[in-house]
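The same subunit A turns up in both complexes below, where it pairs with subunit B and then with subunit C.
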Partner chain A sequence: MIEQNLCLLLVVIPLIAAPVTAMLPAGRTPWFFTLTITWLCFVLSIWQLTIVLDGSTISYELGGWAPPWGIEYHIDALNAFVTLIVSGIAAITLPYALRTVENEIQRRDTSLFYAVFLLCFVGLLGIAQTGDVFNLFVFLEISSLSSYVLIGMGQRRRALTAAYQYLIMGSIGATFLLIGIGLIYAETGTLNMQDLHQRLQPILDHRTVHTGFIFLVVGIALKLALFPLHLWLPNAYKYAPSAISVFLSATATKVAVYVMLRIVFTVFSIDFLKITSTEFIFLMLGAFGVLVASTGAIFHYDIKRILAYSSIAQVSYMVLGMGFASTLGVTATVVHMFNHALMKGALFMAAGAIVLRIGSSKFENIYGIGRQMPWTFAAIFIAGLSLIGIPGTAGFISKWYFMLAALEQQAWLIALVILFGSLLSVVYMWKIFEALFFHRPTNTSPPVSEAPLSLLLPMWTLVLANIYFGINTDLTVSVAETAVRLLGITAYHE
Partner chain B sequence: MSDQHLLLLSILTPFAGAIGIVLLRQRPNLREAVTLLSATLVCIIVVTIFMRFDNAGLMAVDIAEPLPGLKIRFEIESLGMLFALVASMLWLITSIYAIGYMRQHKEKNQTRFYAMFAIAIGSTLGIAFAGNLITLFLWYELLTISTYPLVAHAGNKKARHGARTYLGILLGTSIGLLLLAILITYNVAGTLDFQQGGILAGKLDPAWSGLLYALFIFGIGKAAVMPFHRWLPAAMVAPTPVSALLHAVAVVKAGVFTVLKVTIYIFGTDFITSSGANDWLIWFAGATILLASLIAMIQDNLKMRLAYSTISQLSYIVLGALLATNTSLLGAALHISMHAFAKITLFFAAGAILVAAHKTDISDMGGLGRAMPITFGAFLIGSLSIIGLPPFGGMWSKWYLGMGMVETGQWLLLSVLLASSLLNIAYLLPIPARAFFGKAPDGTTHHRIKEAPPSCLVAMTITSLACVLLFFYPDPFYELAMDIGGTK
Partner chain C sequence: MIDTIIGHYNYWVVILLMMAGFYTVINRGNLIKKIAGLNIFQTSVFLLYISIGYVNEGTTPIIAEGFTRYANPLPHVLILTAIVVGVSTTALGLALVVRIKRAYGTIEEDEIHDKDMSL
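Take a look at the complex of A and B:
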């Protein structure tokens, strides 16, 4: 019974839970309720992944309406993997959220905060689960609207500006997406992804299809903060409440990358990518994104902002992987979605722990703080090494696949960009390490204590996951390879 | 206990030691006892492995398989055995030295120092016993990262700046060039295992082999081939025990060790000579030998002079690898151990002078030898071994390196080698000579200065005696080095 409805339950449970949370009394009750829901979804998502791990798919007809008329949830390894990332990160963020939310959000707002958080969670899960492009748009809007609210709830008044900036850019992106969906609907008369794929193949050279494709790609590129449409992201992540920085940085852009993969490879096809030379555009934008965002990160003196710029760079790597349009390249993208969620989650958690203790993430206020918060510092250090791509960490696995994909196609310039991006990440991460540990404290502020255990435990779970998935890649690589095969991508040959 | 367990134990013991050191941070005496205990244990374990090691059956341990077909693998072979022996013996001696030095010098953050030191040695053993290139790379990076806090130890602006150069060059070359070289190798050969005769022969177009080899030689920044040598002088801001063990033995030897491994087991000596991959690279090594010696001449800071001397000596080993004949490889492998014992003696002496007399500049050391006879006596022995005179161990390695050049008819390189020996005399011998026979710059005598702490003297005496002993009895290292030369 549960197993048959698994993919719907994953969306419906948090959707129903959200309004319930809003009605709960303020305090710790909404937190506990949300915690239970996210963990429940996490367990269900693991279950779902085990079903599709062997390369099979689940097709679920909503309300018994057969596709393509009704909405279909079509789950394969890729959907299940993204759902796992989203629910796993939510489940690990919630224990962390308790103390930071008490610190940053007024008590009377907590029920609303967790309700909106659940809505955002529903949105992201829904995007990952659905097999219908319009349904996907709806969930995208749910997640976007709720994240505007969540970012706007940040402590500083600048959070409102940041949220507004994101709102404008996000709405433009959504509009583009909707126009794109409208155009391909006009051409094919269907919204089901599998059906779209079938019907688009004979008419891939139609001008309307091309226009629709461009609108879709630009819309999604805005959502995933692809260079040069990335400017909304740094402020949004910087001023959001700590728990939200963690959750959004680890999931939101990854889900957008997933949408890009789905639209490009499932709805259209790899052949369409090649005949329109979109792969070349992806490669260029990805390469520039890596360079520009990594260089940008170097010139900032604020941990959260540096991490935000680094997120843009990491997403650019994922786009780069898509641009290779080969098994190795897209495998690298999918593996990096997972690994980046681990490293960025851990890093933003550590940054949040510092904000909890110091009230700021600016360098001038946190010089030498790593000595007083050794565990937090060690977490930043190890997750930072993973971000750089030091062997023995998850980041190295991603980098290895990106490099292999580049070398396979003898794309020497791109290979150099990937390595140079790594070197730039050494520079900006080491700026953080030096400031936190080796710099003498400048102000005579009272000594602070280590972050509380409720922050350290989730943080270190992710840190250890960074090491575990750097040594044992059975899960990540096998899921990625299955997912890539189902996307219809073949190995590169000249 | 089986050999596999011993192998893993030797790598894990320093890490366990590091944890013990951190736990006992409140009680310095116990903490130092843990350092000594783990150093002794590692030494015993490595010697035991050596006694049992017969080279007939290579044994390997697989730990994990992070990427399909790429395992984290450890194995014991002669070259690694030699490196592990040198590193573990000298860790024990350096620990004795460091305790006296750090206490006399009243250094701060000693717990961090000893813990990171142990981790660095664990990583060095990981490099020595690495069974394939990816495992070696893993430990190579870990060694860079674990030594960074040791270089930045003082925490002041100068130390941070030095450490930044150190890390920038080492991580930069390893990510930018070495990783690229490893990936290209994997892309071409489909494996990264160390195999006798190499894995690239027949798979890589010989025309490209020179370029790939250059990526390796320069990518292994720890070997300090010019122009990627700047990190070693920069690392001299570290406390002297760090300069002694890590920047004369562990880190730099890890670099040349990697060069040797790549030469023998990835390229294969036959492939290198037949493809001409080494044609122009030998001149980089030759130039480094001469230039670094010349720069050493003009350094007044003793540790800086020793650092440039190390850069020059490292290129001897790189050159031995690049020539890729049996004799030159024998010389290169021997030089790993011979240079280690001699150079660590020199650094010990430099640290002793700093602790006892608070002097870092050579021009201030006139007449100091009469106040510190043991220190400068050890320095003299170390210098003579570096120069390569009998009866000191350094002679053997230079002998075989020179033989290798004669065999291949590289007369120009042979003259570089001889000129460098003369330069060694010119920049090393004046130091003890001035100390014993010269006068202090202001004409006073050093009657207030006493010898360094006993633990420093003990360490120095042991290593300088080892320099002599290695002349008469180089057998253990010689036999290990012979195995590498291709008798297998």
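Take a look at the complex of A and C:
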């Protein structure tokens, strides 16, 4: 009974829980309720992944309307994997959220805060679960609108302008997506992804299809902060409440990358990508994104802002992987989606712990803090090594696959960009290490204590996961390979 | 040639509105005008969808004696959802503008930028 409705339950449970949370009395009750819901979804998403791990698919007809007329949830390894990332990060963020939210959000707003958090969660889960492009647009807007609210709840007034800027850019992106969906609907008369794929193949040379494709890709590129459409991201992640920085940086852009994979490879096809030379555009934008964003990170003196720029660079790596349009390249993208969620989650958690103790993430206020908060600093150090791609950490596995994909196609320049990007990440991570540990503490500030256990435990869970998935790659790589095979991507041949 | 231009006049209106709205969003520094531009931009997409659903000589999609050609109701239903999304985006955007006005005392983009930099 539960197993048959698993993929719908994952969306319906948090959707119903959100208004309930809004009505709960302020304080710790809404937090505990949200915690239960996210852990429940986490368990369900693991269950769902075990069903589709062998390469099978689940097809769920909403309301008993057979696809392509009704909305279909079509779950394969990729959907289940993205759902696992979103619900896993939410489940690990919630224990962390308790103290930081008490510190940053007024007590009377807590019920609403957690209700909006659940809405954002349901939006991201819905995007990952649905098999219908218009349904995808609706879930995208649910998650976007709620993330504007969450970012706007930051303490500083600049959180408001950051949220406003994100709202304008995000709405333009969503509207572009809507235009694209309208144009391909006009050509095919269907909205179901599998059905769209069938009907688009004979008419891939139509101009309307090409125009629709461009609108879709630009719209999604805005959502995933692909260079040069990334300008909304640094402020949004910098001024958001700490728990929201963690959650959004680890999930939102990853889900957007998933949408790009789905639209490009499932709705259109890898042949279409090659006919239109989109793969070349992905390679170029990815390479420039890595270089520009990593260089940008070096010139900032604020942990959260450096991490935000680093997020743009890491998303560019994922787009780069798609640009290879080969099994290895897209496998690297899918593996990196997971690994990046682990490392960026841990890093933003550590940054949030420093904000909790000091009230700022600017370098001038936190010199030498690493010695007073050794566990937090150690977490930043290990997760930082993972971000750089040191062997023995999860980041190394992703970088390894990106390099393999580049070398397979003898794309020497791209391989050089990947290496140089890692070098730049050494520079900006070293700046953080130096400021936190080696720099002389500013005398004016009184000594602070280590972050509370409720922050350290989730942080260190993610740090240990970084090490575990750097040594045992069975889960990530096998899921990614199954997912890539189902996307219809073949190995690269000269 | 003339027929194509006149025959597709609804699409020309869509393009005109789309460009006008998009230009306003990008070009205007006033936060409320930006939201108004975004609204026009979104409305043009609603018109596009409604135009797509039209069938030549089709009537309202209600089953009745003597009518065999119906307009496609699906795009119209889709756009009802998109209108709801558009209304919520506008409401949220305006709410943010109210908060920004309280925090900064202005809703001009360049003045807000100056105030942030002067800190």
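The working rule: the second predicted complex is superposed on the first by the 493 of 494 C-alpha atoms of A that agree within 3 Å, B and C clash if a C-alpha of one lies under 4 Å from a C-alpha of the other, contacts with A are read in each partner's own complex, and residues count from 1 in each chain.
As a convention for this text, a contact is a pair of C-beta atoms (placed from the backbone, for glycine too) under 8 Å apart; a residue touches a chain by one contact, two chains touch by 3 or more.
This is a predicted model, so every value here is computed, not measured.
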Contacts of A:Leu456 with subunit B and subunit C, given as first, second, both or neither: neither
First, second, both or neither for A:Phe420, with subunit B first and subunit C second: first
Which of subunit B and subunit C A:Glu408 touches, first, second, both or neither: first
Partner chain in contact with A:Ile263 - subunit B first, subunit C second, else both or neither: neither
Which superposed partner A:Ile397 touches (first subunit B, second subunit C, both, neither): first
Intersection of the subunit A residues that touch subunit B with those that touch subunit C: none
Subunit A contact footprint on subunit B (complex, rising order): 64, 66-68, 72, 134, 137-138, 141-142, 145, 152, 155, 159-160, 163-164, 167-168, 171-172, 175-176, 179-180, 183-184, 186-187
Subunit C partner contacts - residues on subunit A that touch it in the complex: 134, 137-138, 141, 145, 148-149, 152, 157-158, 160-161, 163-164, 167-168, 171-172, 174-175, 178-179, 182, 185-186
Of all residues in subunit A, those that touch subunit B in their complex: 385, 388-392, 397, 400, 403-404, 407-408, 415, 419-420, 422-423, 426, 430, 434, 438-440, 470-473, 477
Residue ranges of subunit C in contact with subunit A within the complex: 22, 25, 31, 34, 38, 41-42, 45, 48-49, 52, 75, 78, 81-82, 85, 88-89, 92-93, 96-97, 99-100, 103-104, 112, 116
